[in-house]
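Before I ask anything, let me first share the structure, which is written out below as structure tokens.
Letters are used for the chains, namely A, B, C and D, taken in the order the chains are written, and counting of residues starts over at 1 for each.
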Amino acid sequence: MTLTVGIIGAGRIGKIHLDNLQGIQQVRVKSVSDVAIPHLESWAVEKQIEVLTTNYHDILNDPEIDAVFICSPTNTHATLIKEAAAAGKHIFCEKPVSFTVEETEEALEAVKKAGVKLQVGFNRRFDSNFRKIRQLVQEGQIGNPHLLRITSRDPEPPNVNYVKSSGGLFMDMTIHDFDMARYIMGSEVVEVFAKGAVLVDPAIGEAGDIDTAIITLKFANGALGVIENSRRAAYGYDQRLEVFGDKGAAHADNNRANTVEVSTAEHVSKEKPLYFFLERYTQAYIDEVKEFAASILENKPVMCDGFDGMQAERIAKAARQSLETGAPVKLEQVGHSASIY
Amino acid sequence: MTLTVGIIGAGRIGKIHLDNLQGIQQVRVKSVSDVAIPHLESWAVEKQIEVLTTNYHDILNDPEIDAVFICSPTNTHATLIKEAAAAGKHIFCEKPVSFTVEETEEALEAVKKAGVKLQVGFNRRFDSNFRKIRQLVQEGQIGNPHLLRITSRDPEPPNVNYVKSSGGLFMDMTIHDFDMARYIMGSEVVEVFAKGAVLVDPAIGEAGDIDTAIITLKFANGALGVIENSRRAAYGYDQRLEVFGDKGAAHADNNRANTVEVSTAEHVSKEKPLYFFLERYTQAYIDEVKEFAASILENKPVMCDGFDGMQAERIAKAARQSLETGAPVKLEQVGHSASIY
Amino acid sequence: MTLTVGIIGAGRIGKIHLDNLQGIQQVRVKSVSDVAIPHLESWAVEKQIEVLTTNYHDILNDPEIDAVFICSPTNTHATLIKEAAAAGKHIFCEKPVSFTVEETEEALEAVKKAGVKLQVGFNRRFDSNFRKIRQLVQEGQIGNPHLLRITSRDPEPPNVNYVKSSGGLFMDMTIHDFDMARYIMGSEVVEVFAKGAVLVDPAIGEAGDIDTAIITLKFANGALGVIENSRRAAYGYDQRLEVFGDKGAAHADNNRANTVEVSTAEHVSKEKPLYFFLERYTQAYIDEVKEFAASILENKPVMCDGFDGMQAERIAKAARQSLETGAPVKLEQVGHSASIY
Amino acid sequence: MTLTVGIIGAGRIGKIHLDNLQGIQQVRVKSVSDVAIPHLESWAVEKQIEVLTTNYHDILNDPEIDAVFICSPTNTHATLIKEAAAAGKHIFCEKPVSFTVEETEEALEAVKKAGVKLQVGFNRRFDSNFRKIRQLVQEGQIGNPHLLRITSRDPEPPNVNYVKSSGGLFMDMTIHDFDMARYIMGSEVVEVFAKGAVLVDPAIGEAGDIDTAIITLKFANGALGVIENSRRAAYGYDQRLEVFGDKGAAHADNNRANTVEVSTAEHVSKEKPLYFFLERYTQAYIDEVKEFAASILENKPVMCDGFDGMQAERIAKAARQSLETGAPVKLEQVGHSASIY
């Protein structure tokens, strides 16, 4: 049995998904659509893509296509999800689903009605460190969780133009941490307090965003959590997490390119963390598409669904609101989700 | 030249200071006062203490005494500081100085007027890990500080009666972390947001306190900080700290009784952290009294003065107020300190 | 440009090479030969192998084939190398090249005469930890090397029948460490002293072999080295290495499946090392065939040639002789190599 | 009850023992003898030593003295032990006991006859890392020991004149490792093979010694061991140990002044090991004299007796002989010990 796939949007992340999909025996990537076709032709030949088109409807209307990957800009996601669902395609959509809770809700309703699967691209759920910690929590090895800490720092800030259109730090960067918080704790976030600062680059501040943040979370199970963010860590991509419970704690450190430790007259040193998400989450990107394919082929639930996508967006919204008002924000004040699932 | 010392209060911490003072060649501990003398007599003989008294005025009135150690309950500190200052004695006082900013201010005024030295017992400033990090920050090796994180968890909660009289988590436990935050960052805390929970022991909640907390700090230099507290870590005393700046980060891990790593069919394991403050801060307790003695004998500033004591108390007050109101609290709303130093 | 490859021998290692070769864009695996064809047919279909044969001459005689992978039993290696060289094929041969220095020399002569490339399967040279250490040594970052230590322990001993036919511990297991010693130090081994014991399984002793060893090496540059071996480490595959020079030391630790550290009331633990060579050297196996292909396609030297294969065998012989005589053995007493390269 | 002590020889190590003895409540250091009295007078006053003499007989003849510390040059040890034993004094003697097995045997006979206690100054037995590993071995937590590795490197070579009179690397430096080997394994060394080199300083070679060594040990229980030595590690004092058994392994890493890890754009670094034996074994020196005092006051065996001293010397002799002959040496060929204990 083969899963036939079409990819909508062949930017950096679309190309990564293509490479990873081609490494799965049961998957055939038949079609790719993108607005910038002239630049993609030699690439498409090299990758042996059968159909290259500027019109994504060519993919949605192709009865051979079982599933689509939505890798286009965020402002197109909700519409594409609705159309793909209506066409009966299973959907893998990059995060975030949309910039508004209302749009996301509409998209999820369409998915629900069509009975197709939707996986949202929270790749970090597939990382072996974080997966192990989730497993330890679920097995009760650290007891009831009391505290969660996520340290998440990028090696470089994005282009300021990107910052302007991305929805800001909470929506484009911390959204991964908000999802991770729910994933690890197995409990919903009920309150958010965000404190931000512009310490990395004044241009980010001028663009209306922040580059440094500490966000306090309260969970439905009574536990507390904290996320630390910076847009620029001199030593590279910093992705650590610790959960503390009444039986103990589990801590995930960064990954490094090798385990070598060098001792000299000056100091004892080791490698910096792997540089950025492409290096750090190489295997997670492979595993997320493998598991998406498996969830369709074996008809089992996806590991990260539309509801997960919506909840992360709602927390991001709450964080933004808290930053702006200087007060904690309850999640129930941000959209309403109970009706969906 | 010899420094002659009297100790007021011979409970656990008074006895530790006595042992450490007796290990300093230039120090002579002449007198000890305590209300519970019958229990102390054989101890005093063994320790070769010349004067054992129930009346601390015997110490304050003794012209041979150069300095006093105030190790009695917190509610006596401010009065004792004022009397000791009036008697011209240098003062080492356990933290906190008092439970109210007003009382502390009065005590500091008395110290200022008398021209004596006052060191407050923030022993962690003398720990080699935290000292190293402060040095790295001051040398600019991590650049301008952006983020501070303090993880501070006790192995066991105190007796609930203690909780009732101690001033609560922020005043008896987190106060060390508040001081550490100022010490490491070299900048004042200007805003506090505290989130707390009762997850360790419901009796603590019934006593009006919390046992788990996440506190967000904003510093005058624009940086942000977070403190994580728990009254009970199953694996022991957890005392870690990380500061992050534009040139990098410095992280202090826990101390362990040995460096042994054991690999078996089950796992690879190492020692838990040193159990509690007596084990972890053994050397810091020695060094704080050594440096207090040196600051008098060599007439140089103490490493931790009355203002430091007051500021930590004000942050604790702000945290308590934030917890009660659910909103961030500006430090300027809590007493006023600028007039003092 | 495409490199067309045939694989001789489709056992475990042959299949791994096939998978890795199929992941290289410029490589086409056309043919596979094996004596046990009936078991391989469905596998060959799944892997889309064009030619499946019991007769390896079908590969050697195929003018389309550029290179062969020799993955058959050791006692066939030398003959196959000679025939493949005569047929003008480039050769990748699993280690060891043969059981006798004389046979190996003959094979290398044939390769030299034919002007083809020969790479020997010392996969560990491609491991990122060891590669980094070699680079540090070559850059002079640890100065002149004085001491080398290799810790190499398997998680499980092989079947006793394998032990009987494998040439023994030094020839089937330590041979990797002997090659690593030369690779890291960039200097030839000139003397070997081996001490062995049967501590893991008496059956290994009855089969005429040892299961535990410490081997001391002397290098041409005056440095000393030591290899520690065991056939069974309860905690898994132990692959560490340290080189010490006049400017410092570099140490490579084991790899683990994740970086998670768990702290409980009992202990602080982390993952065991990756289980065995397939897990630990997954990427090294990929990289060794990638670089073999590149060395042909770009006509550059292989990273591990026939001389390397022969030298490792000679050291293994010397170690065996030292074990039997109880005295150190000079490498010059074991065959002669200077004539070859 | 008080133990009254005299110290013979007030060089560096004699002074350390004095400081540590003065920290023990039940010990009174009454007398010190040394040939270089003029330089010691102010020191003796400061330390409140009652008797300072050039004649050690003043100590041996003093009926108040219970125990002596022999801290004079090695060539005086055996004579002093015999005289002290004859005078009925308990003895703490620095290592080695003498330069010849015969002299050591005579000294031990005298101790045995007199019924006094003799502790030899193998301070590393009291180090918390190595003690923990010994405990793990004795409790069977790593199973039957198969392999032992000791890495022992000094930060600086001694003065060449010292090298000439010290008995050489094996007798003055490796002797600690030989003792450690027996202490950890709980089994006697039966064979030694030593390989040495002069890589640190040619002057050491000209003085007839080596500065770099790898020594292979065989134990009576069948296990193997290896010791790696260098007189100069650029990064400081390197004191690690690993024991491997059929249930697992235990490894002791170096100690550092703090646990701080610094991450910058260049690398992730931590402190170098503590500089040398005075820094690394500060607590071990304290504990060895505490336990010596306790063994007399509570009449229990010393942790490290004359037999231990003699065995380490015999292994050092065997190593020297192996180095000179180029062949392994059986310990039974070096003196004979069975008659003593």
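Methods note: contacts are C-beta pairs under 8 Å (C-beta built on N, C-alpha and C of every residue); 3 or more make two chains touch, one makes a residue touch a chain.
Because the structure is predicted, anything quoted here is derived from the model rather than measured.
Visitor: Looking at chain pairs C-D and B-C, which one is connected by more C-beta pairs in contact?
Guide: C-D
Visitor: So which chain is farthest from chain B, going by the mean of the CA atoms in each chain?
Guide: C
Visitor: Any idea how many Å lie between the Cα centroids of chain A and chain C?
Guide: 40
Visitor: Where the CA atoms of chain C average out and where those of chain D average out, how many Å apart are those spots?
Guide: 43
Visitor: So the centre of each chain is just the mean of its C-alpha atoms; given that, what is the distance between chain B and chain C in Å?
Guide: That gives a centre separation of 59 Å.
Visitor: Counting only residues that touch at least two other chains, what does the list for chain B look like?
Guide: Residues 233-235, 247-249, 263-265 of chain B each touch two or more of the other chains.
Visitor: Touching residues of chain A toward chain B in the complex: what are they?
Guide: It is residues 143-144, 146-147, 149, 151, 153, 193, 195, 197, 199-200, 212-214, 216, 218, 222-226, 228, 230, 232-235, 238, 244, 246-249, 326-328 of chain A that touch chain B.
Visitor: What part of chain D is in contact with chain A in the complex they form?
Guide: 233-235, 263-265, 267-273
Visitor: Can you tell me which positions in chain C touch chain A when the two form their complex?
Guide: It is residues 23, 25, 46, 128-129, 131-133, 136, 141-142, 247-255, 257-265 of chain C that touch chain A.
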